[in-house]
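Quick one: the structure is below, and I'll ask about it shortly.
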Amino acid sequence: MNFAGLGAKKGIDDTGFGTNAQTEGHRLTNKDGSVNLRKTGLPIWQRLSFYHYFISMKRWRFLASIFLFYTTVNILFACIYLLIGVDHLNGITAAGTGFEQFTTAFFFSSQTLTTVGYGHISPVGLVANIVAALESFIGILSFAMVTGLMYGRFSRPRAFLLFSEHAVVSPFKEGNALMVRLASAKNNHLTDVEAQLILAFHVGEEGKVYTRFFPLTLDIKRISSMAVNWTLVHEIDANSPLWGVSENQLREARAEVMVFIRGFDDTFSNTVQQRTSYQASEIVYGARFVPMFRRSDDMRTTILDLADLGRHEPAPLKESKI
Amino acid sequence: MNFAGLGAKKGIDDTGFGTNAQTEGHRLTNKDGSVNLRKTGLPIWQRLSFYHYFISMKRWRFLASIFLFYTTVNILFACIYLLIGVDHLNGITAAGTGFEQFTTAFFFSSQTLTTVGYGHISPVGLVANIVAALESFIGILSFAMVTGLMYGRFSRPRAFLLFSEHAVVSPFKEGNALMVRLASAKNNHLTDVEAQLILAFHVGEEGKVYTRFFPLTLDIKRISSMAVNWTLVHEIDANSPLWGVSENQLREARAEVMVFIRGFDDTFSNTVQQRTSYQASEIVYGARFVPMFRRSDDMRTTILDLADLGRHEPAPLKESKI
Amino acid sequence: MNFAGLGAKKGIDDTGFGTNAQTEGHRLTNKDGSVNLRKTGLPIWQRLSFYHYFISMKRWRFLASIFLFYTTVNILFACIYLLIGVDHLNGITAAGTGFEQFTTAFFFSSQTLTTVGYGHISPVGLVANIVAALESFIGILSFAMVTGLMYGRFSRPRAFLLFSEHAVVSPFKEGNALMVRLASAKNNHLTDVEAQLILAFHVGEEGKVYTRFFPLTLDIKRISSMAVNWTLVHEIDANSPLWGVSENQLREARAEVMVFIRGFDDTFSNTVQQRTSYQASEIVYGARFVPMFRRSDDMRTTILDLADLGRHEPAPLKESKI
Amino acid sequence: MNFAGLGAKKGIDDTGFGTNAQTEGHRLTNKDGSVNLRKTGLPIWQRLSFYHYFISMKRWRFLASIFLFYTTVNILFACIYLLIGVDHLNGITAAGTGFEQFTTAFFFSSQTLTTVGYGHISPVGLVANIVAALESFIGILSFAMVTGLMYGRFSRPRAFLLFSEHAVVSPFKEGNALMVRLASAKNNHLTDVEAQLILAFHVGEEGKVYTRFFPLTLDIKRISSMAVNWTLVHEIDANSPLWGVSENQLREARAEVMVFIRGFDDTFSNTVQQRTSYQASEIVYGARFVPMFRRSDDMRTTILDLADLGRHEPAPLKESKI
């Protein structure tokens, strides 16, 4: 494979990715923007930030985890109360079956943990009282933890950007351009938005495979407000590392276009960023995005249709070396 | 309509607004700084960040929402307890009327949800106990959520800027200038405050209407401290896109002056920003703002009268092409 | 009063303070860094950010406010329960004196508000139950609010800088220099610390008094780490607005040196800033700061004595026009 | 000791460390990045930010502190209830032994503080009720505090970087280079990472010992993403302050290489930084780091082995003046 045109261009070495091709035909950056990497060599509790873990978890998994925690702690304490003896819980009839005794101990535990404390069951004697005092303390701490995690999840600044499923190579001005379209999906508003496109090529040199990185210059690389959608445009001119590179060559070199967006969220008053990447197979040659906004019926506002974000139609490319 | 003078000036294309005029004579930016835009094409839960929604809500609507949530959950659980049977709530006399039974179930529910748990009503039997354990758990979670939202609302960094109701075109030095006045309304203090003014024109070209954007240079565009009020001054000289444009032409072109302010809040230790915009009809020609601060009676401090923020008096414009 | 030397120097107009001298011989910036300004013209609830207010309050005033709130709400609800009738609170003997009835209603209220709910007093009947359900709801909300405010107070990024009580004019290299000394007072660590000194003069021109501002260039204006103490040094050379200005002239012009510090706090991972100012009467001519750090007895560490921060000794000034 | 080559190089004076060598052969910066400094001269409550203190505390010490607080407050209130008289706590038999009375008072206290309030023990009479109302209020406040501290600890932005135990001087290109290796240890992702290396020398001049600082230029000083590990490389060429300085000279001058890293954390959306330092004895001459990542067995991802972060093998240095 020959990258005559490419060889002359200057790559960059500050992407943070190594230049040794470690993966065969697989992504450097996953679709969700995370790095395709696994860490080992340290025990899990040194390698895992629990806060990062719970903050990034899916909503339903998070709620399920809390519920599991609540149930487990209650079962644990129910067992302890049974060990101490049911006669130390006032309101339990020792005459009940084992199951009845367990459930009552379980409910007493839940009433203690949540500090609801109806009092129709209450601890009697030193040991039961100590355990109950401890459990309500644990309840308070757990609650503090849950409050913190919930707030952390809510308030975690995110860009909420949607990217077009494919990148397209479209006719643009006199030549062609690589385009990616994005929009903020939610009721948030980004300002001072910057974009950066980096192309990764896996090239063979002297029998070894190296990964090389090239910045793709953008027509407009910074906008003051993510008012509507934004189409990133990289013109494929003589200075572009994509100049004279065919679609097939791209696939053979297992090219990957990495996209970095950074902006300032109005509501959070915080900088947010989001990443994604397009593999060669996710780049459509000879297509252009169709407009995704229109006037409202009363002509007073603009409507942005997010379902059309990735919609593109065929568009013959201009004559060039591509 | 002819914008001879304007045509020669260089517009900018990094505002994030498209250049296709999508709205007929309506704002690009609303008075409160939000973009005049609606989004569709995604289900509401993918399109809405609940946190952004609750954080930006008016105070009374927020409190009403929480109260509604509290009442609804209680009614729901009251119904469940009635379904299980009133005899499973110790302290309810099954002899009571349906309404009495419902209200007691409702109050038991509220005592469980808030974890107040007096205990004069208490759950009896497996099912009622399970439901009560679940409800107190939900109570804890809801409370965590409310705590998070409340803190989010409190601590949300905001600029708390007030803008003059109208922009004015006043005599200034040898010529005239467009002026906007602003002040921080509250007991907050901004430092390193930057301002940016952008003029949007809707111009007809070849039968189609395009939106074009021009930066309006400011006399002082950055101050180190929002100590008192600040008057943004854009001198209308030969380099200004407003040079030689009459008040009528402005209106015909449905011009809009968009104002962006960014600063650093001392108490939040956070960057904050605020936007607003003035339509042509909100720009008063031949007027100047009257001073809004005076000495205190004991001469020891300065008094800033926010009621005078937008007050202006007639002031004949200087001779120029305007 | 003649500022021949000063007149030729270029003042700056981006301080955010107006150039009209509004106060006679009083500070522009207070010692604690706030602006000497009062705002009027808006009702208090539009002019006050309650969060800023409670966040900036002294610790003991804050705790007293919460306690007052707690007591007031309890008294209010105690009155409501008395209005409903003591017989609707199970556990109160209607035979008691008015005071006894009130206190028991008060205690029931406190048990409801804090959700402790012992249950030896419990609400009876529809109205009392509704009020109790409402009160525990208010309790939950208030608690959420207090939690938010407490966290806001704790986590509010602050620089915790101490400044020397006086600025000094000391001999420095071939001439003299104005010096201010500062250190971080607490167990926090600032990095990338920047300082800015601005001199304000009130000068008479054509019968009116104007305030003019001059930046004071610093020998070192940025340090990478607030490792020990930091002495800000402004050399009074021919380019300095203080060149050739005598101590008396400074006082006559009611000069004020405003100090702005900005850094990055390691623990908060946040930018923090602090301001202060020195009036002419707080500038000591012919003095120099004495060193404030020494080796520890075991020679293994450095000891910074904050009590010496402002300590200075006489030091005759070098010959110059001062 | 002669630093002929070094004398000619320009040191920097903006590190924030003084130039007077205050410690004999001990670190300026500790291994964990904190400054080797102690502060005196102010009472502890003015010198200590409790929030910083509790936020930076080890996890188990923090939990133990809270538990200690919980126990202490309960003992305190138990004593108060005993002073008031056990007959004012309904449910305590005055006939019990002193120990029994104390434990019951203790448990009543814990039930009040955590607001669990079973009610099988309840306050009787004015004084006991007032104390109980106060205690539940204190409970609410403490809980708010704990919630705040917990969230503060969770959400405190940290870089979670691991540094190689030693710095190495390795052969590099035509000459040699000083290298430090680092990686993010946890499931966090840093972008826009910047590094800064500063060399501190303690040099004797005219009979006194001064500390001098030199920046060490880096081959790559900024990477866009901390994707895998990062090796900081300072080439020891003729411009380097380390040029011509032998290993022994480094040790005699008690040299210290201080490392500053700053990046942007994706999950926290916040700037984070971390520091460390290497003393001369922690710099290994003639060694090079061995690769720490490899392909996964299925070739689809890269594995980073953190246990190998500091592993190095001998590597003969290139001929140079070193």
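Each chain carries a letter (A, B, C and D) given by its place in the written order, and its residues are counted from 1.
Basically, a contact is a pair of C-beta atoms (placed from the backbone, for glycine too) under 8 Å apart; a residue touches a chain by one contact, two chains touch by 3 or more.
Source: prediction; values computed, not measured.
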Next item on the list: Nearest 5 degrees is plenty: how much rotation brings the CA atoms of chain A onto those of chain D?
Entry: 90
Item checked: From chain B, the most remote chain by mean C-alpha position -> D
Item checked: Classification of the chain A:chain B interface as same or different, half of numbers criterion -> different
Margin query: Could you work out how far the Cα centre of chain B sits from that of chain C, in whole Å?
Written below: 28
Margin query: Roughly how far is chain B from chain D, centre to centre by C-alpha average, rounded to an integer in Å?
Written below: 39
Margin query: Going by the contact rule already set, what residues in chain D reach two or more other chains?
Written below: 111, 115-119, 143, 147, 151, 270
Next item on the list: Write out the stretch or stretches of chain C touching chain D in their complex.
Entry: 63, 66-67, 70, 74, 103-104, 106-107, 110-111, 114-120, 143, 146-147, 150-151, 154-155, 160, 185-189, 191, 193, 220, 222-228, 230, 264, 266-270, 293-296, 299-309
Item checked: Residues on chain D engaged by chain C in the complex (per definition of touch) -> 13-18, 22-24, 26, 28, 34-42, 46-49, 51-53, 55-56, 90, 111-112, 115-119, 122-123, 126, 129, 132-133, 136-137, 139-141, 143-145, 147-149, 151-152, 156-158, 196, 198, 260, 268, 270-273
Note to self: If we count contacts the way the header does, which residues on chain D are in touch with chain B in the complex?
What the structure shows: 115, 117-119, 147
